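Each of the two complexes below includes subunit A, the first together with subunit B, the second together with subunit C.
The block that comes next holds the complex of A and B.
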C-alpha cells in the first residue's frame, strides 16, 4: 500500500496524519481525563460522560452567541470565559448527580453503569427538546482561523494547535492537582483505603462529591474545546463514549500517565491507518487491537497497586 | 422443600399462567398486526432470559447481547437472502444468483462465508453455533484471566461497537446500514403472509418456552446453585475447588445461544435484519428488559420485555419525545428503587398476600436477593 507514493510524499503524509492524530489525541485525552478521574479514582462508570461534555459544548455555543450579539468588541476572547462557564455548569450538574444518584450506588458498580446510561438518555432528550435537534457550530474568532504553512506540503491549523495547547495545560493542571495538592492527596488516600482515610479525618463523602464534580467539569471543558474543531448535537456525546472508556481501560485505570500514553497510541494508530484504509476499517482495526491487547493484559498498560 | 425437582409447584403454576397468556389470551384478543408486534417482543425475551441467566444468576453483566442477537439474526437472514436471490429472481443483475446488494457493490461471486448458508440445516446449526463460538472465545479469554465486573461490561460494549462499524463498513458483504432486506421464503414457504406470521408467532413462543424450561433446569441443578454462590462469594467457590471460569464461560455461552435463537426468530417474523439491532444502544436496552422484570426471575424477564416494549410502542405512537425520558427514568428507577424489578415487587408485596389467602407458611426464595453489601467484582 506504500508503493504508489514517493518517499517525501510518504513523509508528509505521516506528518499530516500525525498532526490529525494529535488533534484526535487531544480530544481523546480531554475526554478521558475526566473519565480517568471518575472511573480510575472512584470506580464509578459514568456512561453519561459524553453528555456532560456536550453540556460544555452548548454552554460555549451560547456564550459565543451572547458575545456576538451584545459585546462583539470582546468576541476574540470569549472562549476563555466560555471555558470557565462550561467547567462550572458541568461540574455543578455533576455535583448534583453525585448527590442524587451516584452516592447510593458506590457498592454496586454495574448498577451505576445502568443508572448513568438512563441519565444520558434523559440528558440527550432534554438537549433535543431545549436546544433543538440540529447540530450547532460556534463561530471562531479570527485569530483562531487559518493555518500555518510549515513546508510546501505540510500545513498545521491554528485551532488544532490551540486545542493541543489547551489539552497540555489542563493535563498539567490535573496532574498538579492530583499529585501535588493537599486535596489530591486526600483523593488518593480515599482510593487506596477508604476506611483508613475516614479514620484519619478525611471527609470521604465530600471528597467523592468533589472528585465526581471535577471529572464532570473537565468533561465540560473538553466539550468546550470540542466546539473548536467540530459541531455539536444532542447525540454527539455518545459517539465518543466507547472510545473514551477504551482509552481509560487500556491505559490502566487510576494511572494518569497510562491514560496519556493510551490516548496517544490509539489516536495515532487510528489516524495513520485512516489515510490508507477506509475510516471504518481503521476504527475497527484500532478497536480490535485494543480489545485484543486488553485480553492479554487486562490490567492495562500502566498499573497501580491498590488495596481494595 | 428440596429443590431437586425440575420445577416446583409454584413455578409450574407460574409457567402455566404465562403459557395461557401467550398461547391463548394474546392470539385471541389481538389483531394480526399487534400479534406480530408481540411476536417481535418475544424474540427480545430470549435475550432477556439469557441475561437473567448470566447477569442475575452468574453476576456477569454483558452489554453485548445485541452482538449475539444480531449474529443469530444475520445467519438466518443470509439463508433467506440466498433463497430470495435465486438465479431466476435476480436475472436483471450483472451477476445473477448473488444477493442484490453484492451486485450493487461490484462483487461478482459469493464470498466464502456465505457458502454454508445455502443449506437450511447448516444455517440452523450456525444460528446457535456462531454466537456460542464467539461467546466461548470472549469468555475464555476474559474469565480465565479473571476479568469481570465493569471491565467485562466495557469490553463487550466495545465489541458491539466494533461489530456494528464492521457491518456498516463492509457494505458489499453484509448489506451495510440497510441490513439484509427483501427476504421472501423459507424453504419455499412464503414468510410474508399473515398466516405465516401467525404460525411463526407460535414457533417463537414454543421455542421460548423450551428455553424457559432449560433455564429452570439449569437453575435447579447443582450448576445453578454454584452460579449463585459464585456471584455472591467468588473466592469461596474458587477455594472450594471449583473452576470458576468454566462456569462463567458456560453461562455466557448459554445466554449467547438464547440470544442467537431470538435473533433468528426476529429475522423470520420481521422480515429483515439490520445493524441497528446489533450495536450498543439495543444491547443496553435489552439489559433494561431483564432489569425491569427482575434480574433474578426467569419469568420476570419475559414480563419485563413485554411490558417495556409495549410501553415503548405506546409512547412512541403518541408522544415520541417522552419515550427517551421515560426509558431513562426507568433505568434510574429500577436501579435505585427496585433492584429486583417487577419480580421483586411481586415477591415482597403480592406473594405474602396470596400466601395468606391460601394459609401457607412462606419459604425462602431459591434465587436469593441481590447482595447489597459487596461489589459485583
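The block that comes next holds the complex of A and C.
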C-alpha cells in the first residue's frame, strides 16, 4: 500500500489525512451540538434538525445577496452577521415550533419522532415554495476560500480552519451554559425531574422553550457554516440528519462529552477508512462498527449516572 | 409564431391554467389557428385516446416536490414551452395540445401510479416525463402494459430499449466515448481517476469509461471510487487524488454531493485550470448551486450547452427566458425535454395518426431541424442521433464550447465489448 510512496510523501499523507479527519470531526460536532441539546437534554427526537440547519443556510444566502447588492464594501465580513442572523432565525422558528407543537408531546417522546418528521416535510415544501426548488449558490468572501500552502504537498484549507474555530467556540459556549450557568442548572434539573423542578420554582415551560430554541439556533449556525462546504437547497438538510443522529446516539444521549468523543471516533474512523478503501465501503464499515458497539453498549459511549 | 408569445411569466401561467378549463380564451388569442382544420377524429384516433376534433391531451409527469424537484423543474418548463409553441403554430394535426400535469413527487411507485392514471383514466396520447432511471424503470412496465408513449429526456446508462419510449437524451456511449477521446488527445490524458455517486448510472458509465480508457486509449485508471448519494465530505478522496496525481479526474457525482465535492476541491487548493477535470454530471443547472467561481475551468461533456452559437438555440434561449424569467438557466436535460413534444408532433403528423402503434413505427428517421442543439434524428432503436460537445466552465456559470464532434453519433444502447 505504502511501497509506492517516498518517506516525505508518507509524512504529508498523514498530516493531510489527520487534518481532513479534524475537519470532519468539527463538521460532525457542529451538526450534532444542536441535536445533543434537544435530543440529549430534552429527549425530543427532532427529525427536522436538518431543516433548521437549512434555514440558517438560506439566511446566509439572503444576507450575502443583500450585501452584494447594497453594501458590497462590507462583503468580506458579511459571514459573521449572517451567522448571527441564522442563529436568531432558526432559534425563533424553534421557539415557535416548541410552543405550537413540541410542548404538547413531552409526555409522549416517541411521538415527537413522527411529529417532527412531518414538520421536516412541511418545512422542505415551504422552502421549495418560497425559495424555489433549485439549489442556490452562496458566494463567499475571497479570504474564506482557498488554502494556505505549508509545503508542496500539505495545504491547509481556510474554510476547514474556520469551521474548526467556530466549532470550538460554540462547544465551549454550550459547555459553559450547560454546566456553569444558573440557566444550565435549571435545564439539567428539568431534564432529570420535571415535576420536582417545577415544585422548587423553576419555570419549566420557559426553560423548555429556550432550550429548544437554543438547539435550533445552533443548528442554524451550523447550516450557515456548511454553506462553505455543502449545498443549499430545500432538501439539503436531509444530507446531514443521519450522521447527526449517529453521532448523538453513539455518544450517549445526555452527555456533551459523549457527543464530542463520538464525533471524534466516527470522523477519524471514517476519514481513515475512506483513504484506504472506497467511499461507500468506508460508510458501510463505519455504520457496522457503530451498530456493533451500540449492541454491546446500548446507552452509548458516555452516560449520566442518574438514580432512576 | 413569436408574436403570439409576447406575454410575461404570470400571464402565460394563468393562460395555461385557463387552457385546462376552457379552450375559448386561448383560442381567441390565436388567430392563425383554424378550428377543425385537421382530419376527422375517427381516422386519427382508433384506440380511444383523449383526442377530440379540437384538442389532444398529453401528460407531463415529473417531480415538482421532493428531492428531484431541483432537477426536474427545468424539464417541466421546457415541455410547457414546447407545447405552447406548437399550439401557437397550429397544434398537431389541427388539434391544440392540452396537457395534464402529474407530480411524481420524487417517489418511484408514485411515478408508476401517476403514469397509470394518465394512461387509463385520462387516455393521454403521450407522456413527457421521468428524469431518474429509477423513475423510468418504475414507469416502463405500466407504459408497456397500457401501450402508452413516453418521451424521456435524461442522459442515462443505456442497456434499455422499448417500442413505447423515445429517449431524447444521450445513452452512455454517446456521452462518454467522444469526451474521453477528446481529453486523451487534447489534454494528453493518460491516467484517469474515476469518481462517482453510488448508483446505477455512474457505475455503468464508469464501466464503459474504464473499458474505453484501458482498451482503446492505452491509458490507465489510477483510482475508481463511489460515494453514497448525499455524501458531503470529500477531503479524504481529494487527498488521494493529490497523491496519485492523475492527468484527468473523471467525475459523475450527482445531487447535493456535487456542490460539496467542487467546493472542497477548490478549498483544498486544486486549481481546475491546471488539473484537468472532465465531468458528465454537471450542467448549467448544477452550476447554479455549486457557484460558477467554485468550478471554473472544469470540462463537461454534454450534447447541449446554453451558450451554443446557432440560430435555433438563440431563439430557444430567448423564448425560454421570456416565459420563465431572465435568471433561469438551461441545462442539457432541459433542452432534451424540449425536444419531446416537437418530436412527438412530427411523428404524429408523419403517421397521420395519434395511435401509439403507428407512432412507434413512424418515429424512425424523424428529423428535427429546429432543435436548439442542432439537427437531430430518431434512430430505429428509439434513441437520438446527436453530437457530443465538450464545454469549459466560465466564472459566470456558462460553458465555453471547446470541442464538438464533426458528425452525429449513432446511439448504441447495447454497446458490445463495454459490458
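The definition used in the following text is that the second predicted complex is superposed on the first by the 296 of 308 C-alpha atoms of A that agree within 3 Å, B and C clash if a C-alpha of one lies under 4 Å from a C-alpha of the other, contacts with A are read in each partner's own complex, and residues count from 1 in each chain.
The rule is simple: contacts are C-beta pairs under 8 Å (C-beta built on N, C-alpha and C of every residue); 3 or more make two chains touch, one makes a residue touch a chain.
None of these values were measured; they are calculated from a predicted model.
Contacts of A:23 after superposition: subunit C is touched, whereas subunit B is not reached.
In the superposed model, A:274 lies in contact with subunit C only, and not with subunit B. By the touch criterion defined above, A:230 lies against subunit C but remains apart from subunit B after alignment on the C-alpha atoms of chain A.
By the touch criterion defined above, A:6 reaches neither subunit B nor subunit C.
In the superposition on chain A, contact is made by A:158 with subunit C only, not with subunit B.
In the superposition on chain A, contact is made by A:240 with subunit C only, not with subunit B. In the superposition on chain A, contact of A:135 is made with subunit C only, not with subunit B.
Touch criterion met: A:283 reaches subunit B and subunit C at once. In the overlay built on the shared chain, the residue A:298 is in contact with subunit B alone; subunit C does not reach it.
Once the two complexes are overlaid on chain A, the subunit A residues touched by subunit B in the first and by subunit C in the second are 125, 128, 238, 278, 280, 283. Of all residues in subunit B, only 61, 63, 141-142, 145-147, 149-151, 153-155, 157-159, 161-162, 165-166, 168-169, 280, 284, 287-288, 291, 321, 324-325, 327-332, 334-336, 339, 370, 372-377 touch subunit A in the complex they form. Residues of subunit C touching subunit A in their complex: 64-67, 69-70, 73, 198, 224-228, 230-233, 235-240, 242-243, 255-256, 258-260, 263-264, 266-269, 285-294. On the subunit A side of its complex with subunit C, the touching residues are 5, 9, 13, 16-17, 19-20, 23-24, 27, 125, 128, 133-139, 145-147, 149, 153, 155, 157-160, 226, 228-236, 238-240, 270-272, 274-275, 278-280, 282-283.
On subunit A, the positions that touch subunit B within their shared complex are 43, 45, 101, 104-105, 107-115, 117-122, 124-126, 128-129, 238, 242, 245-246, 249, 278, 280-281, 283-284, 287-288, 290-291, 294-295, 298.
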